[in-house]
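Two complexes come next, and they have one chain in common, chain A, joined by chain B in the first and chain C in the second.
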Partner chain A sequence: METFAFYLFAILITGLFAVTVMSRNLLYAMTSLAAGMVLISGLFFILGADFLGVVQLIVYVGAVMALYAFGMMFFDATGVIKEKNGSPFLVFLLGGMTAVLLVVIFAAPVIGHNVPSLYPPVAGADNPHAVGLVLFTKYLVPFEVAAVMLLVAMIAGIILAGKKMERSISKIDDSELETSGGKDDE
Partner chain B sequence: MDGYIIGTIIKAVLILAIISALAGFGTYIERKVLAFMQRRLGPMHVGPYGLLQLVADGIKLFTKEDFIPSGANRLIFMIAPMITAATAFIALAAVPMLPEFTLFGVTVRPIVADINIGILFVLGMMAAGLYGPLLAGMAQDNKWGLLGAARTAIQFLSYEVVTGLSILAPIMIVGSLSLIDFNNYQSGGIGDWLIWKQPLAFILFLIAGFAETNRTPFDLLEHEAEVVSGYATEYSGMRWGMFFIGEYTNMITIGFLASLVFLGGFNSWGFLPGGIAIILKVSFFFFLMLWVRASWPHIRPDQLMWLCWKVLMPLAVINVTLTGLVMMF
Partner chain C sequence: MIGLTHYLVLSAILFSIGVVGVIRRKNLLMLFFATEIMLNAANVAFAAISSYYNDLSGQMFAFFIVAIAASEVAVGLGLLILLYKKYGTLDLDHYTMLKG
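Up next is the complex of A and B:
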C-alpha cells in the first residue's frame, strides 16, 4: 500500500514539475508547480512526518500564491508566452549537467552509507515535539542564522518599497493628479 | 482493519451529504436573516415561508447551461471550482464534530481522520482552497475576473499571517496541535474556556476567519458593486454552485474551529449535552457572519492590507510574546 502510494506520488510529482518546466502557458506552469508542491507533502505523510507535511503544504501554498501575483503582473495569463531562447543546446547542456551533478551529490552518500540517522527521534515525543527538540538543540545556530537572514531581507524589502509609502493616491484630490485623458469626461 | 476503512468511508459520505445540504440550507438562512435585519420578508412564495426556495435554486443551478467563455483556459477554468469545494471538505475531515457516542454497540468517533496536527492541517487546507478563486479569475480571460484573482492573492497574503500567529498562543497553552486535545483541555466547564485566557487571540482569529471565508467586511474577491462578481463573473450553473458550497462549508469549518479552540468545543455545557452545545456554538458563529454582513460595509483591499499587517499582526505578536512570558515565569 505504501509502496503504491509512493510511486503514485512520485510519478505525479515528476510529471507535474515536467509540465512546469516544459509548458509555455503561464497558468499551466504555475498551477502544476503548486500542485506538485502540495503533492510533495503527501510524501511526508507517507513517511509519518505529519508535521513537516503540513508545514510543506502551508509554506508552499503561500509562496506559490505570491509567484502567481508576480505572474499576473508581468504576463498575459491566458496566452502563450514567447520565450527568448538563443541557444537551446547550451541551455540544455548546462541545465542538464547541473541537475545530474545535484542528483549525484545528494544520492551518492545515500547509496554509500544507507542513510544513517544523525539524531534519531526521541522516544515518546510526537511529531512537532521531535522537530522542536532537534531544531532548538542540535541545529540552533543554523536556525538563528536563518532568522537573522530573514530579518535582513525584511529590512531591505521595507527600505526598497517604503520610499513613497506615505503618499496614497486615493487620498489625493483628483484635480491635483496629472490626467492626460481628463478632458474626455467633460 | 476492514471495519476501520468501511467506517471511514461511511463517515466521509455522511459528512459530505450533511454538510453540503447544510451549505445549501445556509443560503436560505442567509437570505432570511438579512431580510429580517433589513425589515423585509425575504423568500416567501415557494413553499411555506419560502422553505422550498432552496429546491428551486437547486433545480436552477443543476439545469443551467454550463458555459465556458471562448478565450478562457478551458482546463483550469473547469478545475478551479472543484479545488474550492474539494479543499473545503478535505479540511473538514480533520475536525472532530461531535463527542463520541455509541450506536448499535459500536463506539463512533465523529472525525474522519484523527491526525495529531489537526488544526494546522485544517488551516493549511483552507488556505489551499483560495487557489480556486485565484485560478478561476486568471483562467476566464475577463478583466473583472483578473481583478478578483489579484484581490484573492492580496487577501491571502494579508490574513494568513494573522491566522497563524493568533492561533499560536492557544497552541502554546494547550501544548498540542490536536483539536481533540484542545477540547479535552477545556473540559472543566465554562471557566476553563480558552476565550478567558486568550480574548485577544479569539478576536484576531475571528477577524482572520472572516477574511479566510471571504465574508463581509472582507468580501473583496466578488464584491458586486466594484468588480461585477470578481472571480465568479464568467461562471454559471453547477460550477458557480461549487464555489458557494465551498464558501459555506468553510464558514461552518471556521465555526467549528472557533468553538473547539476557544469556546469549550463539544464538552457538555451545564445541562446541555456536548453534541447540542457545539451545534449551538457553530450556529452562533454562522449567525454572527450574517449579522456582520447585514451591519457593516465592506472595506477596500488596501485597507485590508493595512489592517492585517499594521494592526492585527503586531497585536498577535505581542499576544504570543506575553503568553510566552506568562508561561515561563
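Up next is the complex of A and C:
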C-alpha cells in the first residue's frame, strides 16, 4: 500500500511540476503548482511527518499560492507568454546535470556515513507533540529569528506593493470614473 | 518496499525540474514558480531523511524552509508588482538597464 501511494504521488507530482515549468499559460502553471504542493503534503503524511504535511497544506497551498493568485491580478495573466528560447537540449542537459550534481553533493554524506540521530522523537509522543518539544527547546532561537524575518517580510510586502495606493478607486464618484473611462475609449 | 533512496531520487528529479525551469523561463513569475519547486524538492529530501534516520532535525529545517519561502514570496511579489507598474512587462529580456 505504501509503495503504491508513493509511486502514485511521485508520478503525479513530477507530471504536475513538469506542466508548471513547460506551460505557456500563467494560470495553468499556477494551478498545477498548487496541485503538486497538495500532493507533496501527501508524501509527508506517508513519511509520518504529520505536522509538516499540515504546515505544507496551510502555508504553501493556503497562503503562498493565494498570494500568487492575488498578485496575478496586477499582471495580465490570461494571455500566452511569449518567450525567446535558445537551444532546449542544452538547457535540459545543463539543468539536469547541475541539479543531479547538487543533490549528490548534499546527499552523499547522509548516505555514506552512519549519521547519529541528534534529536530522536520522544517515545510515546505523536508527531506534533514531538515536533513541539524539539522546536521550542533546541530550535527556539531560529524559531524567533524566523518570526522576526516574517515580520520584516510582511512590512516589506506592504510597503512595496502598497505604494500609490492611497487613492482608493472605490471612493471616486461614478460620474468621474465614467468620464475618465470615456476618454480612454477615444 | 520504499527506501530512503526512492525519496532522494524523487527529490533529485523534482530539483532538476526546478533548475530546468529557472534556466529555461524568461518570465519572472515563472522563475518564482521554479524556485518554489526547488524549495519543495529540498523539503521532500529533508522529511525523508528525518523519517528514515529517526531524527527530527530534518523536519525542523523543513519548517524553516517553509518560513523562508513565505517571506520570499511576500517581498518578491511586491518587487514584481513595482517592476510591472514601471515597465509594463515581466520578461527578463526587457530588463537590460545594466547593459554597458
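As a working rule, the second predicted complex is superposed on the first by the 120 of 186 C-alpha atoms of A that agree within 3 Å, B and C clash if a C-alpha of one lies under 4 Å from a C-alpha of the other, contacts with A are read in each partner's own complex, and residues count from 1 in each chain.
Just so we're on the same page, contacts are C-beta pairs under 8 Å (C-beta built on N, C-alpha and C of every residue); 3 or more make two chains touch, one makes a residue touch a chain.
Computed from a predicted structure; not experimentally measured.
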item	value
Residue contacts with chain A in the superposition, chain B compared against chain C	C
Which of chain B and chain C A:Leu118 touches, first, second, both or neither	second
Contacts of A:Phe51 with chain B and chain C, given as first, second, both or neither	both
First (chain B), second (chain C), both or neither touched by A:Gly15	neither
Touched partner set for A:Lys163, first chain B, second chain C, both or neither	second
Touched partner set for A:Tyr68, first chain B, second chain C, both or neither	both
Touching partner for A:Tyr28 - first (chain B), second (chain C), both, neither	first
First (chain B), second (chain C), both or neither touched by A:Asp126	first
Chain B/chain C common contact set on chain A	51, 55, 68, 72
Interfacial residue positions of chain A with respect to chain C in the complex	2-3, 6, 10, 13-14, 17-18, 20-21, 26, 29-30, 33, 36-37, 40, 43-44, 47-49, 51-52, 55-56, 59-60, 63-64, 67-68, 71-72, 74-75, 81-85, 88, 91-92, 94-96, 98-100, 102-104, 106-107, 110-111, 115, 117-121, 130-131, 134-135, 138-139, 142, 146, 149-150, 152-154, 156-161, 163
Chain B contact footprint on chain A (complex, rising order)	25, 27-28, 31, 34, 38, 50-51, 54-55, 57-58, 61-62, 65-66, 68-69, 72, 77-78, 126-128, 168, 170
Partner chain A, residues of chain C touching it in the complex	1-2, 4-8, 10-27, 29-30, 32-34, 36-37, 40, 43-45, 47-51, 53-57, 59-60, 62-64, 66-75, 77-82, 84-85, 90-91, 93
Chain B - residues contacting chain A, complex	71-73, 75-76, 79, 115-117, 120-121, 123-125, 127-128, 130-131, 134-135, 138-139, 141, 146, 149-150, 153-154, 156-157, 160, 164, 177, 300, 302
